[in-house]
Structures are given as C-alpha cells and as structure tokens.
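Each chain gets a letter, A, B, C and D, in the order it is written, and its residues are counted from 1.
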Amino acid sequence: MRKLALILVCISLLTTGCWDYQEVDRLATVLALGIDRIPGSKNVLLTVQIGKPEGKGSSKQIGGQGGEKSYIIMNSEGKSLSEAILSIGKQSTRRVVLSHCKTAVLGRDLAEMGIGEILDDLKRARESRRTNWILTTDKTAKEIIEKDISLEQLPGRGLDHILQNFKKAGRVVPMNFNDFFARLNGESHVSFTPLAQLEDIDKQVTNQLEKVVGRSLDTEEKPKTLTIGKTAVFKNLRMVGVLNEDDTRAHKWLVDSPKGSSITLAYAPQAQTNGDKGDIMFEIEDGQTTITPHISEEGITMNIECTTKVLIHELGATGVNVLDPKVVAQLELQTAEAMKLQLEHTINTAQKELKSDCVGFAENLHNYYPLEWKQIKDNWDDVFPTVDYQIFCKVKILSSGTISNPTLRSEPE
Amino acid sequence: MPEKGIINTKQFVWMLFIIITTLAAMQIPSMLIMQAGRDAWLSVVSAWFLDVMLALVYAYMGIRFPGENFVQYSITILGKYLGRMVGILFPLFFLLVCSLMLQGLSQVVNTIFLPMTPFNVILVSSFLVSAFIGRKGLEVIARMTEVLGPLFFFSIVTVCCLVLPAVHMERLKPQLDEGIAPFLIGTPLMLTSFGVCIIMAMYIPLCNRPENGFLAKFSAVSMGALVVGLVTALSVGIFGIEDAQYMNSPGLQLAKMINFSNYLERVEMVWLLILVGSGIVASSSLLWAFGQGLAQIVGLKTYQPLIYPGALLSLVFCIGSFPSSLNQTNFFHYTFPIVAAFVETGLELFLFATALVLNKRGAA
Amino acid sequence: MRLFRSRKRKKAPKPELSQPLAAETDAKQENPPLNNSLAENLNTLQTMFANCTDFTYRELKIGLELVPVLLLYVNGITDEQTVNQNILKSLVNIRCSNLEISRSNNLEMIKNEFLEIGNITEISTIGEVTDAILTGSVVLLLEGTARALQIGTKGFVGRPISESVTEGVVRGPREGFTESLRTNTALLRRKIKTPNLKLEKFVLGRVTKTEVNIAYIEGISNTKVVDEVKKRISLIDVDSVLESAYIEEMIEDEAFTLFPQIDHSERPDKVAAGILQGQVAIFTDGTPFVLIVPTMMIQFLQSSEDYYDRSIYATSVRLVRFFFLNLALLLPALYIAITTFHRELLPTPLLISITAAREGAPFPTVIEVLMMEVTFEALREAGIRLPKPVGQAVSIVGGLVIGDAAVQASMVSPITVIIVALTGISSFGIPSYSFALAIRVLRFGMILLASTLGLYGILLGLLVMQAHLVSLRSFGVPFFAPLAPFNLRDAKDLVMRFPWWAMGERPRLIAKNNNNNTQRQKFFLKPAPPDENEQ
Amino acid sequence: MSIAEAADPKGSRVWNPLIEVGVLEEDKHMTVLIVFAALAISLAEGIPLGKQGQWKELAVMSTLLGMTILLAAGNYLGLPSPLSLLERLLEPIGKAIFK
C-alpha cells in the first residue's frame, strides 16, 4: 500500500514536470555583451553576440571570411539592463541564455555617466558569474561586440582568450567582475578595467610606409583592429579617466605584479656620453611590489618597493658586453631607474590628473594603520594627491636568452 | 525502544557533521560576515570552542542517563507531566530546523538548477525523499551519511582549494578593525547553528559505544568549524565584506568562482548536488529524531508511522511561514538564534542543573 | 487477476498446502511399506508407473533355489553398462544354496556377497522405492522380503565439463560447472581438500525432487549464516525447482527489489573462493549455476580474474569498472539533464556543436534517447535469443541501420547515438549479468527523472536508490558493505585489490565467526629476495 | 522600474515586512494537496496500524495529521502560522542583539 502510494506520487511528479526543460536548439547562447547608454536618455542599449550553430547543411568556414559569420549580433533597448535583456526576446525565436557569456563591455558614455544601476543586475542575475571579464571602451560597446577578431570564429571567445592571456603575461591587468566590485567597494572606491579600442593599425602602418617610399601604396582597405592596451579608471561608479599604455604597464606593476610584463631601457653607457643609444628590452620573469605606508608628523609616506627578476629579451645594436659583470650591474641599476621613473609618472598621473587612488594606497593605509585611517578616511580624496612616496626598485638580470652578446655590432660612427 | 538500529562512532561523526555543515555552510557565513565583518572566522573559532564545552554537558548527560536520550531523561528528571512538556520541545525544534533547512536548500535549487520550476514542486519532492529515507530508520540514514559525508567534506575542501588563487589577502585585513565586539556578537549566531548537533543526544543511546559521544561530537564540530570557517574566510578574502554580507549563499558563490586553467569552470552544480544531497539526508535524520522523540514521549512501539506526518507538518510550517527566501533568511537571522539558544543551551543546562540538584540518575 | 490470486493465497495459505495437487497425492500421502510378496509389490508399482514407457522391470531367478528377484529402474537415467555388467551378471552368476526362499537374510547376503556396486542402501517403503527409481537407482526386490535394495547406478549422460560461457577469463581455470550435481560437488571437492568442507543434502520440489546441496567449511563460515541458510531452504515448499533462481527468489531477504541479493556463478574457482572466505554455496541439481550467500553488492562488480591478475592491474580495472557502472546507470540521464536543463556545465564550443548537431532534429532529446535505448535493448535481446549466426547478423544490421541510417535520415542526432552506444558498452563492463539487469532497468527511471527535474531529479533518484541499497541485507550482512557500514579492513578488497600477501583476513562481515577468527594467513607475507649472506 | 524589480523578473516573491503576507494562489492549491496527502498518509500508514491493533500509534498519527490539516487550513485562510507568531515575538529581541 505504502509502495503503491509512493509510485503514484512519483508518476504524478513525472507527468506534470518539465518546467525547465528546454531543447538546446531552442536557445540562443550569448557569448559577449555590450552595454551602452543612449545619449540624452537614461536608457540602456544592449548589444549581444550570439553564437550561431552551423547546421549540417551549411558549409563550415573559419572566421567568416567569404562565408557566413558564425555569430549574429542583436540589439535591444531598455530602461535597465535586465529590461534590455528581456526585450531581446522580442526579436529572437530562441530563448536567450547568458550563462556562457564571459565578457561584458561597457561603453564610454555609460561608464562616464555612472554604472551603479547595471552593477546590481550583474551581481544578482542567476546566470552572471563573478569570474566574467569586464571591459570598457573609448567609444561604444556596440562596435567592440560587432567586431571580428581575426583567427577567431567567435569573437566573444576571442575577447575571453585575450584576457586570459593577460592573466599569465601582459601589460594590462585583466579585471573580472569580482575584483571590479571588490575594488569599488574598497576603501578608496576606485576601480579600473582594461580599455578596448578600435585602432586602424593597418592605416597607420601604411601611412608610415608611404612616407618612406614617397608614394601611395596600393594596399587593400583593411578593417580596424581591436586592441586592449590601456586602462580605464573608475571612481565612485563613474569612469574618471584613462591611463595610457606606459602608465598602464607601470600600474600593473603596482597593483598586480611586474611578472609577465616587459620593460624597455634606452641604454646609454656612461663611457659614451654622446650618442649610440640603443634600446634594450627586458622581459620581467618574476617580481613583486610591496607598498608600505608610513605615517609620521610630516605626513603620509608610501614606501614602494619593487623587486624584479628580468631576462634580456633584446639587446639591439647597443653593443654592450653582458659578459662583463660590471656592465651587467650597471644595466641593472639603469633599468631600476627606468622603472622608478615610469612608476613615478604613473603615480603622478593618478594623483594629479585623475585624482583617484587607483594604485591601492588606501587599502594599504587601512591595513597598516586602521586607527589613523578612520580619521583620514572621510577626506581621503583631498589627502591622496598630497601623499608622498618613495620608490625603491631593484632589478636582477637572470639570463640573456640563447646568446650572450649581440653578434652584429652597429658600425662605429 | 522504538529504534532497533545501532550505529557506530564513525557514522555518528558523519551524521553530526552533515547536519551541522549543511545548515551552516549555506547561509550562515553571510550573516556572520554581516555581524562580524572580517573577523567572522574568529566567531567560528569561538563558537567551536563554546560548542565543544556544551558537548561536554550533553556527553555527560548521555553517560549519566545511559540508554536515554534527552526526551527520555527529561521525563526521568522532571517527572511524567512536566518532563513530557519539556521533552516535546526537542522534537519540535528538530522539525523547525528541518523546515528551515529544506526551505533554504530548495530555494537554492530553485535559483540555480530549476528557475522556472514552481518552488513548491522542489520543496515537496525534497520533503518526500527525506521522509522516505527517514522512515527507513537510523541505520539507513547512518550508512548514507557514511557515503555522503566524506564526499561532502572533500568536495568543500576541493572547492576551497580551487578558489584559493582568487583570494586577495588584503581584503581580510585588518583584523579586529572594530574591536572585539563584532565577533563576540557573531559567536552566538554561529553557536546556535552549530548547536543543532544537540541531536547527538538522540544518537548516543543508539551508539555501540555511548562513551564516545563527546569524541564524535568533537570531531564533527571540528570538521564543521573547519569547513564553515574556511568558507567564511574565503568569502571575505575573495568578495570583500561589502559584497559577501548580502550574498544568499556565499558557499555557492565561492564554487562559482572556480576557474581552473580555463577548462574547469561552471562546475558549482556538481558541488551543489552533493550539498543538496547531504542536506536532504540531514533533514531526514531530523525527521527521524522528531519521530523517535515523539514516539518516546507518548510511549509508542514504533516511530515509523510518524515520519510522513512529521514531514507533512514540517512542509506546512515551511509554506505557511516562509513564503519567500527573504522570510526564511530573516527568520534564520533574527528569530532562529533565540529559539535555538533557548532549546540547545537553556533547556539542556536547566535539565543538567536539575539533575544535579535532585541527584537523579538513569537506571544503569 | 494476479492481484486477486495473491490476495487469496495470503488469506488462506493453509488449506492449499494440505491439499496438494493430484499428481503428488500418492507419493506424498500414502507411503505403504513393501509387501512380502514380489508379485504384489510389482503390481503396486506397475499401477503407479502406468503409461511410463521408460519404467523397466526385470524378473530373475537366482541361486540354486531359484529365488525370484525383481530389478526395477527407469531407463535412460541409469548407467546401462553398470546394470548389465555389475548387477545382472553377478546376480545371474550366483550359484550357491545359501539363498533360500524362506530365509530372511537373503537380502543382506546379496548385498554383502554378490553385488559389485559400492553405493547400496536398504529401503523398506513403496515411496522410497519410487524415489530411488526416479533418481536413477536400480531397486532390487526379493521374494519373501519386505525390504529392498537401492543400488546406486546413476548414470545420466550429461554435458561434459566445459568452459564457462557466462564468465570468461583470460587467465584462470577453464572448467565450468555442469548440470550434474555430483560433478559439480566433485569439482569443488577437488579444490578444497578438507573434511571440514561440508556438503549437506536437501531435496526440494514435491514433483521434481531436485537435490540441493549446501557447501561450507566448518570453522570458517559463520554458523549463524549456515543455520539461517538451512532454515530458509527447509522452509521452501514448492512443487518444482528447475533452476537455482527458484531457490534464490525464495530465500532472499527483500523480495521487492531490482537488485539481486544472492550471487551466482558457474565457475568452480569462484565458488571455492567464496566458500573459503566464509560464504555458503548452494548447489542445485540440473543447473550449472551455484548460489553464493551472503552476498555484498561489491561482489557483483568483482570478477574472478581480478584475483589472478597483478594487483595493480586488477585495481585499475576495477576503477574502470566502477566508472562504467556509473556511466551505464547515469550517462543518458546526464546527457538529457545537461543539454536540456543545465547548459552551463558544457564548454562553450561543445554547446555550440551540440546545438548544431541537434539543429532540425524532429524529436525532443528525451524521446530520441528513449527511442535509441529501447532499440538498443531490443537488439541486445535479439542477439541473445536468436541462433548464433543470425544473432550476429542482427547486430550488424542493427549497428548499421540504427547507427548510421538513422543519423543520415535526420531521425536522431549523432550525439545521441554516441551516448547510447557508450552506455551500452558501459553496461557490458559490469561482470554480473543479473546486476547489470537492475542497472538497465534503473537507467530508464533515471532518464525519466532527468527529463523532469534535471540534475536535481537525478540526485533524488540516486538518494532513493542509495537509501534502498543500504537498507538491503543479504543473510544478515549489509548489502552495501564494506562501503556503508564502512570497514577499513574489508576495504582491502573493495576498489583496491590488495596483493595476496597483504590480504591477511577474510571479510569480517561475512566470516565473523563464533570464535571470531578471520585470520587467513600470517601477517604480511611480502616476498623479498633472500639475504645476501645466505647466497 | 526599480533595480530590485528589474532583477526579479518573476516579481512574485517580493516580500515587504510592512505589509501582511498575503496568500498566493499557488499556496492555496498547496493546501488542497496537503489535505489529500494527509488522507493518503493516513490510509497508507493507518491501515497496517489498524490491522496490527496499534491503536495508540494510530491515534498519535491521526492527531499529527489533524494538526497539519488545521495549520494548512489556517494558511488557506491567511491566518499567521505558529512560526510567524514566534517570529513576531522573538524577532525584536534578535534585532536588538544582531545587526
């Protein structure tokens, strides 16, 4: 009797179910998401990139060259992000799922007007993940989402790959939702994201070549290329500025670690005071930056200590003799100086230009001087530009690649 | 005695561990972070200590009244009528915990697995399965936890290891920023949810070695505290206290952070499955404790017919009192600690003191 | 109809038992003693065996006084040669006067002095005579004696000992049990040479009179289990036992379950191994399948070859087997749950290629999977039942048509075919056929649950299944042991198969004896090269 | 549309402590189901108990089921459940202690 009842319950459960059942070919898988503000209104313009499954009929081709693209773009508008997401349903025959969307791109207008309203949705939505990447652009997110990335069938995944690579090596700190939120919630309320740009690299190259050759080159018109090399800084939910590429690199040394980055040194041996400068490039194999705050009567001082281990990547035509320990020591010193200069420039930009603590001074102060911090906390924005800092850089050259000295020396003048 | 099954100490440990952890690992960390901020893990440690102290009392009572659980010895101590009135509070408390637990788990299942499925379907099916298991008796529950418990423990530890790269130590600093008050207030919150393992008093008489009661509880609470402490500390270290305190389930969010070499990601469902499975088994042992306790108070020969009605009653509690997850969170945060503190600590200490004063002992 | 019948039987079990079927009446109820007169005895037996062409009798007159003697046997189940050579010939050759019509010890004399046969017993009732004849003995009746001699001449020409079909091994003994009980016990006795190996006889089946032997080693097996086996077997009261499955179903602990709780084998080495670790084997005449009790679930996943291969290899094979057990149970369900409920679990490229593969598929995934699974089961069944050459044709046609043509015709998506094929292969990885049957049935339940509630449904199904599994017992031994209740000592032969020198103990739960001695060998006999100086 | 509303597209489970909890239509169906379930349990468990003559067990079980049905009926009519009453009593204390 009891078993019969159990069976009945099971059957009734089985026959009435299937609320969430959804065939996989009735879904539109979003790969990347672009959010723009419609100028002059509060409305959000959403651009989504949806992977298009290649049916058995259609021919499979790579990267949409000549053939069809393997993704489609859809746009929708709404008062808020979730409303915009829902209203994609108006044009899509398939249910939109966001669980595979790994990248969200913020348009510049939106970022500058404030992102507070969309953040809640990004945190709350079931399908949103805190490991997703966040990007900002200097123009509109729509362009970035619509952009093909060469070699990639699905540009949305291409963006993911670029940012994944940054995690291992790169000049930019990739930002996932979690760190972005956590930094915004942090003591300084300053956060940052990588900045995606569309650059006409081909045009630039052609122009330069044309100057050299002196005539117009007969090259094909190529589309713009997506590059990620700068950093957008957010303060109190608003984008306040951009760090240029050099500052971005030094910014990475400060807030993440110098590891995986590179540094170029304009080398000038002291013996040859005139000329024969050459560029030497180092790859930073390992490194660490520690910021130690120090409060004294004079004020707040930040001791920034940056130790790196580098590999010689390129000696160029400098003609240095790296087999000479003295030269190596000198190289190390000069590199440290170059790093210091770069760091100083970056901190200066943050203090004077952006007036936002994107270098993490506030966190360190809070950690080291919790009591004092409570007093500074409220007027930190005013204090930050005046904070003094000292930079100590230390560079250790580990190896020189597969050869030691450059074999081809530049001709003496 | 209604229950004929015998459990061994290993099973005892895993059963306690599962009950503590499924109740605590899901929702407690965020409440704790709300109370204690970055020092939440300290609350876990101090609650662990206090709970071990409390366990001493329970273990002692288990030995002083051999072969009796608290339902029975409250009758022995306080007499036929008062003892029954006091004794019935324990089964009812287990029923309440069962409601809370299954509501929370079903809510998570509804949000993560089946967003379009009616909540009640999930709730009813989880109650059905846990009553099915509960009716099979303590031995079956014990054996199931023996399989699920280690799985659960290692899955949590694995999750914690996999999210370690995402931890930013500076989000955990500075400790004791606001003094010791926050973590002291957090302690009772944690203690009350650890305290659900007063169910140990139901198990001690059925254990093949009742004198190991304290040891079992100690190991279970230590494992539970380790897990909850890890989840709490990692949540702070990863999300920061501002976000972590309002998360419905920080443990789940932690699992969502897993991204191991870009291939192993979005696996939180696997972890969640193990958690929900353990939760259902844990609530079935709560239902069992309800049935067993009630059967002993009334003096029945068998407790099994009471399991399904108990589950139904618990379901009605759920539907009537927690129409939404917000209700449940609110109850869990503000009302449950008071109730739990009364039952877990107040009643037991009262019984303990009365037994000492009246010099009552169990019939050996 | 069935429900009604079972109801009726429950209500009135007694009267039915007291009124056996007509065919059994004479044998059971009236068991008159033998008569002094040979003619009358013959008359009684002839009426009993009317219309039995194989019933043979031969009248002889032996000795100087020509004492009438009657030989009775059933043709075909006796060894004709023995009857002729050792009985008839020696009887005919009796030439002494000691045999007198009036003497009473004639029978003893024949038995003691003339018959060249080892197995002779004296019987005294008609019932015993019929029993003896029907089990292949020759019965000798003597004029003037109310007793008879049962001469064991069982000589049924059975199948020779051949390799086991259902449990093949690469390394290990090739012999398998046959249909003859004596051969089977002999095979066992050849392996276990101790008088402590006890073989106890039961006769089951009122009509079939099937001989059943239980085998165990005194001192190793648990006496409680042996007593329980004896008790349960002696409670059986049926008309027929044609296969050991009849007994299995009547002595198992829980009737309403998909899982077999008693293992069976047709390999003497496996049965011997079972007996040696304290189990009890139940031999049934007429079938090569021997039951082994008590059984733990883990045994269904162990093959006898595990113990003949190197232990590391055996361990890894077991791991594969456990993995494939789970696949066989869950793979189609997981496929449905993940593709139709939880797409997040798939890597993005896989999701897109699955979507592409399903593009334009006419049926929902569940229907597709169910269709293919049912087809697969049909193919499998057809392959087993059909004559061997045709069976192969079926599998070829099935593979080609279902695998390829169905995809070509866009009936099913190729991934479904992969899933179903993989599930099929996985289910072949389970060594025990009867356990695989349970998994096969449960798989469909899991598919239904997965299509209703996704992974959560699978979870609920697994919980219910596990609760059921751990609540099962086989002759008092927890079925799910040594996993739950967990026993570290017994876990030496769980997923891992420890080397023989490290498995010092018999499984405690099975062999826990009254004297509690489960020691099998000296502790840790790890082999090592001899010391240097000894060389 | 506020953020909170936008984030909860189902919109059915927004709870406001200031407004008395209304009874949703879905929960009304549940009440009916619970009554049926109670009857089913009383049949499935009660008949064997009755056969074995365990009247005390039967009585306790029926009392439990009766309480369940009463509570379910209370839910149906929108009466506060015992836990809600408990919550009203104890929540102020909890709020005083915890943040």
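One rule holds for everything that comes next: a residue touches a chain if its C-beta (ideal position, glycine included) is under 8 Å from a C-beta of that chain, and two chains touch if they have at least 3 such contacts.
Since this is a predicted model, take the numbers as computed values, not measurements.
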Among all chain pairs, the one with the most C-beta contacts: B-D
Chain centroid nearest the full-protein CA centroid: B
Centroid spacing, where centroids are CA-atom means, of subunit A and subunit D in whole angstrom: 51
Centre distance in Å when subunit A and subunit C are each reduced to the mean of their C-alpha atoms: 68
Interchain centroid distance [CA atoms averaged], subunit A/subunit B, Å: 43
Whole-Å gap separating subunit B and subunit C, where each centre is the average of the chain's CA atoms: 47
Interface hub residues of subunit D, defined as touching at least two other chains: 41, 44-45
Sites on subunit A at which at least two other chains make contact: 13, 17, 20, 99
Multi-chain contact residues (two or more partners), subunit B: 113-114, 117-118, 121, 125, 132, 266
Touch list for subunit B against partner subunit D, complex: 31, 34-35, 96, 99, 118, 120, 124, 185, 188-189, 294-295, 298-302, 304-306, 308-310, 312-313, 315-317, 319-327, 330-331, 333-335, 337-339
Interfacial residue positions of subunit C with respect to subunit B in the complex: 341-342, 344-345, 347, 453-456, 459-460, 462-464, 466-467, 470-471, 478, 480, 483-486
Residues of subunit A that touch subunit C when the two form their complex: 3, 13-14, 17-18, 20-25, 27, 29, 31, 51, 53-56, 97, 99-100, 102, 127, 154, 157
Residues of subunit B that touch subunit C when the two form their complex: 8, 10-11, 109, 113-114, 117, 121-122, 125-126, 129, 132-133, 136-137, 139-140, 142-144, 146-147, 263, 266-267, 269-270, 273, 276-277, 280-281
Of all residues in subunit A, those that touch subunit B in their complex: 6, 9, 13, 16-17, 19-20, 99, 123, 126, 129-131, 164, 178-179, 181-182, 185-186, 363-364, 366-368, 370
